[in-house]
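I am attaching a structure below and will ask some questions about it afterwards.
By letter and in written order, the chains are A, B, C and D; residue numbering begins at 1 in each of them.
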Amino acid sequence: MANSKYEYVKAFEQPDLLLPNTWIVVRIDGRGFHKFSSKYAFEKPNDRRALDLMNAAAKAVMSELPDIVIAYGISDEYSFVFHKSCMLFERRESKLVTTIVSTFTAHFVLLWNLYFPELPLSPPLPSFDGRAVLYPSVQNLRDYMSWRQVDCHINNLYNTTFWALIQMGGLDAKEAEKELAGSAAADKHETLFSRFKINYNNEPDMYKKGSVVFRDYELVEPGSVSEVVDEDFAKTIEQLELSKSQEEKDRKRRAKAIITIQHVDIIKDEFWERRPWLLSNKPGKIPKEP
Amino acid sequence: MANSKYEYVKAFEQPDLLLPNTWIVVRIDGRGFHKFSSKYAFEKPNDRRALDLMNAAAKAVMSELPDIVIAYGISDEYSFVFHKSCMLFERRESKLVTTIVSTFTAHFVLLWNLYFPELPLSPPLPSFDGRAVLYPSVQNLRDYMSWRQVDCHINNLYNTTFWALIQMGGLDAKEAEKELAGSAAADKHETLFSRFKINYNNEPDMYKKGSVVFRDYELVEPGSVSEVVDEDFAKTIEQLELSKSQEEKDRKRRAKAIITIQHVDIIKDEFWERRPWLLSNKPGKIPKEP
Amino acid sequence: MANSKYEYVKAFEQPDLLLPNTWIVVRIDGRGFHKFSSKYAFEKPNDRRALDLMNAAAKAVMSELPDIVIAYGISDEYSFVFHKSCMLFERRESKLVTTIVSTFTAHFVLLWNLYFPELPLSPPLPSFDGRAVLYPSVQNLRDYMSWRQVDCHINNLYNTTFWALIQMGGLDAKEAEKELAGSAAADKHETLFSRFKINYNNEPDMYKKGSVVFRDYELVEPGSVSEVVDEDFAKTIEQLELSKSQEEKDRKRRAKAIITIQHVDIIKDEFWERRPWLLSNKPGKIPKEP
Amino acid sequence: MANSKYEYVKAFEQPDLLLPNTWIVVRIDGRGFHKFSSKYAFEKPNDRRALDLMNAAAKAVMSELPDIVIAYGISDEYSFVFHKSCMLFERRESKLVTTIVSTFTAHFVLLWNLYFPELPLSPPLPSFDGRAVLYPSVQNLRDYMSWRQVDCHINNLYNTTFWALIQMGGLDAKEAEKELAGSAAADKHETLFSRFKINYNNEPDMYKKGSVVFRDYELVEPGSVSEVVDEDFAKTIEQLELSKSQEEKDRKRRAKAIITIQHVDIIKDEFWERRPWLLSNKPGKIPKEP
C-alpha cells in the first residue's frame, strides 16, 4: 500500500533556513509566569529558588547543545546564542527554537522538585515560548546582550523599590506604583536608602546583573591576543575538509569544559576580551586542576 | 537610565504571522527517540506504556489549549490542528509551535513516572521538536490526516512483521530487513499468519490506527446536518462583535466537553460527517449523563 | 578555472515558494504617479488616455502570461490573479511578481507614444512596484476584488466632486477638500447635481467601475452549471499525467480566446456565475463567429 | 459608503522587511533572452550594442536610485548592491526588487531604438525578473561580486572559443560543444591561438571582465586611509538626528558625482581599497575639473 495519494501534502511545508553567517539568538519566556509565580507563592521581588532553577535548566540546555556559545537569563526569560558559523540542524529555525524550548522545559519540570520540594507541580504546568532573532555583526549581538542586561538592571531597581515600599513601607500596589511613577534611578536609590536602609549596590549580583552561562576556559590577558578576526564564511573545499577535523577536536574540548554561571557585567568590553572563545568560537585552554 | 541606546536591536525581530483562513497543523517529533527508546528498553514493535504516555501528554495539551480542534499521534510524533479561523497568539508561528512543544514536553516529563515508575529519567532528557504547516482547504487538511494514518498503517505492519521475524523467527535485524525488502502488504500478512499464527487484523487498533484526540459531543447522524459551509473569514464589524459573544459561549461549551482518545479510521468520510464540530469549529451537544 | 571558491554565496539565497492551493494576487502600483501625472499634465479627475494605456499594458501582460485568470485596474494600479492551482515558476514569489512588473512596464513604456504622441517620455521614467498576496478561499479572493472595486467607486465619486468644485466651482484645492470633509456619498451626488448639473450615474463606467480584463468565452446561464467544485489539489500520479495532457488542451483554448476589457460590476455573484471559467480555471466555449 | 466589509483582506498581506545591517544584492536576469537574442540576431559571442544598452539601463537605474552603491553586469544579468545601512522603502523586499526591475525595464525599452535603430521591438517584449539576496559581511559581499566576475570570465572564454570553432572553424554547435567538453582554460586559450590566431588576452575588457557601474570620486592611495570600520548599526537618538543632516549632505554629494562604467578587476583588494566610498557609504571627493 503506497502512500503516494496523500503525500502531496508534504509540498505545503515551507523551508525556514536562517540566513548564514549571522548570530542566532533564541530567547525563551515563561508563559503566564505572573500567574504561575502567584500560584507557587514566589518571593518578591526575586525568588532565589526560581532563579536557581532557571539557571540549572539553562546550564542543562547548554550541556545538551554544545553549539550554544553563551546564554543570559533574567527573571523568567533566557537568551541562547549560537555562533554565526553554526550549522546545527542546517540552521532550520523551527528545529533550533523548538529544541531549545523543549529541552529547557524538560529540565525545568524535572528539576522543579529539587528547588521547590514542598510544592509539587500541578496543571497548568509551567511552559515557555521562544523565538529566534538574527544579528549580522558582533556589535549587534553585543548590543542585544547589553539591552537585556540594562533591562535587568532597570527592572530590578524598580521591583526592589516597589516591593520595599509594600513590604516595609506598608503601601499597597497602587500607592507604590504611583510613588515610583516618573522617578529617576537616583530617586529610587535614595528611597531605598533613606527610608529602608537598603544600599542597592549591596543587593546580590544575581538580581542586579542577571546570570551569564558559558564554558569556562583560562582567562586571557586583555591585549595579549590579536583582535578577533571576522573570518570568511567558507573557502575552498579543502579548507572545509580541514575544518571538519578541527571541528571534531573543538567538539571534544568543548565537552571537557566546565559550564559556569556568573553574575557579571557583559556590557563592557572586558568580559568579551578576556574570553575570546565566545566570539571566535575557538575553544580556549582548559584550566589545569590545582 | 533609559535603555534607548541598545533598543534598536528589537528591529531585527521578524514578524511571523501565519496566513489567515488556513488550517494550521503543528507536528511534533521525539528527538533522537531511537536512542531514547533503547535507553529505556521500550518494548518492540510497540511499547504500550510509551504510547499511553504520548496520548496523556497530547490530551493535556488539548486541555490547556482549547483552540486545538483535533490531534493525531503515532509512535513518537503528534499532529495538532488549529481551525483555519483560529486567531490564538495572532497566529504567530513561533508562539504557536513553541507553546505546543513546551506544554507537551512538560506533561511528558511530569507524567513519565506514572508510566515508567521503575525507570527514572536522567539526562539527556526526552525532548521534541516541532513545526507548523498550513493547509488552505478542508480537503488538504483531511489528506494530511490520511497521510499520517496511512503512514501509521504501513509502518506498523512492517514493524510487526520485522519484530516477529526477530523475536519469534530467530532472525537478526539484517536478515529480517532483507526478508522484508520489496514485500507487499499481503506478503507481510501472510508471513505473520503462516509462520507465527498472527492475524494482523487482530492487532490492537491503537497500533494499527494510531490515536485520535478530540472533544466528544453527541454524534450526528450522517446526512442529518447540511454540508459544512465554508464560511467567510470575516464580515462587518457588527458581525465580529456578535461573534465575540458567541465565541465566549463556545469557549464554555468546549471547556465542559470531555476530551476523548480513540483509535479509529479518520480517512473515510464517516468520521468527519458524524463529528461536524471538528471542521465547523462550532461545539456540538454535550451528551446527557446516563 | 573552477568557481568553487566563491560559489558558497549561493547558499544565502532564500527560497520563496508561495503556499500551494491559494489564489495569488499580484498588485502593481505606479511609483510617484502623483508627480508623474503632473509632469505630463494628466486630465483631472480621470485621464482617458492614461487609463487606456494602463489597460493596453494589462492586456499585453495577460496575453504574454496565459496563467493569469483575471486582472482588475483602477487609476495607476492593477491587480493580476493567478488561479490557486497555478504552478507557474513553481510559484516562486519573486519570479511571479517581477515578471508581471517588468512585462507591464515594458508595454507601458513602448505604448506610451500611441496614447501620448505629443508628449515623449523623459527620465525619470514611469515605473511600477508590485507585491503578491495569497487568498486561500474563493470568498477571500472575491472580497479582495470587491474591495478594490468599492475603492474605485469611493475614490472616483470623491475625485469627480473635488475637481468639479475646482474646475467649475472656482474653489481652490484646500477649499474643495474642506467642503468635502465628512460628506456622505449622497451629499456628493447632490453637490454634483445641484451645483454642476452632473448626474454621477451618467459618468463613464470605466471611471465608476474600473477595468476588468479576462478571456472571453460564451456566457453561461446562471444555474445551468453545477456549483464550482473545490477540487482536490492533486491526486494519484495517474491523474496528474492525465491532467497534463488536459492542461495542454486548455492552454490552446486559452491562446485562442479573445482578451476583453470590460467595465462591469464584479461584486455581485452574476459576473462570476456567468463566467465559470474564471474560478474553475477550465476554459469555456469559444464563441462562434457570426 | 464605507469599505469596511471587504477591508479585512488587507490582513492577508505579509510583511517582507529585509534583515537590517546586511548588504542587499538585487540581481535581475533577462527572461528568455536566448530566444530574444535570436529574434533580434544578436552577434555572437558578444553583441556590443546589447551590452551597451544593458549598461545604459543600469546607469539610469543608479541615477534614479542613489541608494545603490555599485552595480555589476554580465550578459543579460545585472546585480545592484544596496549598502547594509540602507533604509530605502524601509527595506521592503518586494518594493526594492520590483522598483529596480521596473526602472531597468523602462530604460531598456525606451533606449532600445538608440542601440538597435533598425530593429523595432515587437511583442513579446524584453523583460527581466529579479530577486534579493542578503549578505551579512563585507567578505560575503565581495565574494558574491567575485563569483559573478569569475563566472563572466569562465563563460566568456568558453563562448569565445565555442563561436570561433563555429564561425571560423566551420564546426556545428554539437561538434563545438563536444570539442570543448572537459577542456581546461589553458586548452581553450591554446585552441583560440593556434587555430584562429586569437590572443584571448587581447579581447575587449568589457567581454572578459563585465561592467562595473559606480559613482566616481577621487581615487585614494592604498594605505592612506585607515581600514574601513564596521560601524554600529545605530546608536543614541542624538546620533541618529546628527546622521540625518549628514545624510542630507551625502545625498547632495552623491547627486553631483558622475556615474562611471568600467571594465576592471573587482576580485582583488585594490579596486575596493582605492574606492573606500563603496564599502563605507561615505561619498568621496568630487574630482576638480581640469
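The criterion applied here is as follows: a contact is a pair of C-beta atoms (placed from the backbone, for glycine too) under 8 Å apart; a residue touches a chain by one contact, two chains touch by 3 or more.
Since the model is a prediction, treat every value here as computed from it, not as a measurement.
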item: Chains touching both chain A and chain B, listed by label; value: C, D
item: Centroid comparison with chain A (C-alpha atoms), farthest chain; value: C
item: Same vs different contact residues, chain B with chain C, by half of numbers used; value: same
item: Cα-centroid distance, chain C relative to chain D, in whole angstrom; value: 31
item: Whole-Å gap between the CA centroids of chain B and chain C; value: 42
item: Length of the line joining the C-alpha centres of chain B and chain D, rounded to whole Å; value: 50
item: For chain C, residues that touch 2 or more chains besides their own; value: 5, 8, 12, 14, 19-21, 134-135, 140, 143, 233
item: Chain-level touch network, classified as line, ring, star, complete or other; value: complete
item: Residues of chain A defined as touching chain D within the complex; value: 19-22, 84, 134-137, 139-140, 143, 230, 232-233
item: Residues of chain D touching chain B in the complex; value: 4-5, 8, 11-12, 14-15, 17, 19-21, 233-237
item: Residue ranges of chain A in contact with chain B within the complex; value: 1, 3, 5-10, 12-14, 16, 28, 31, 60, 63-64, 94-95, 97-99, 101-103, 105-110, 121, 123-135, 140, 143-144, 146-147, 150-151, 153-154, 185
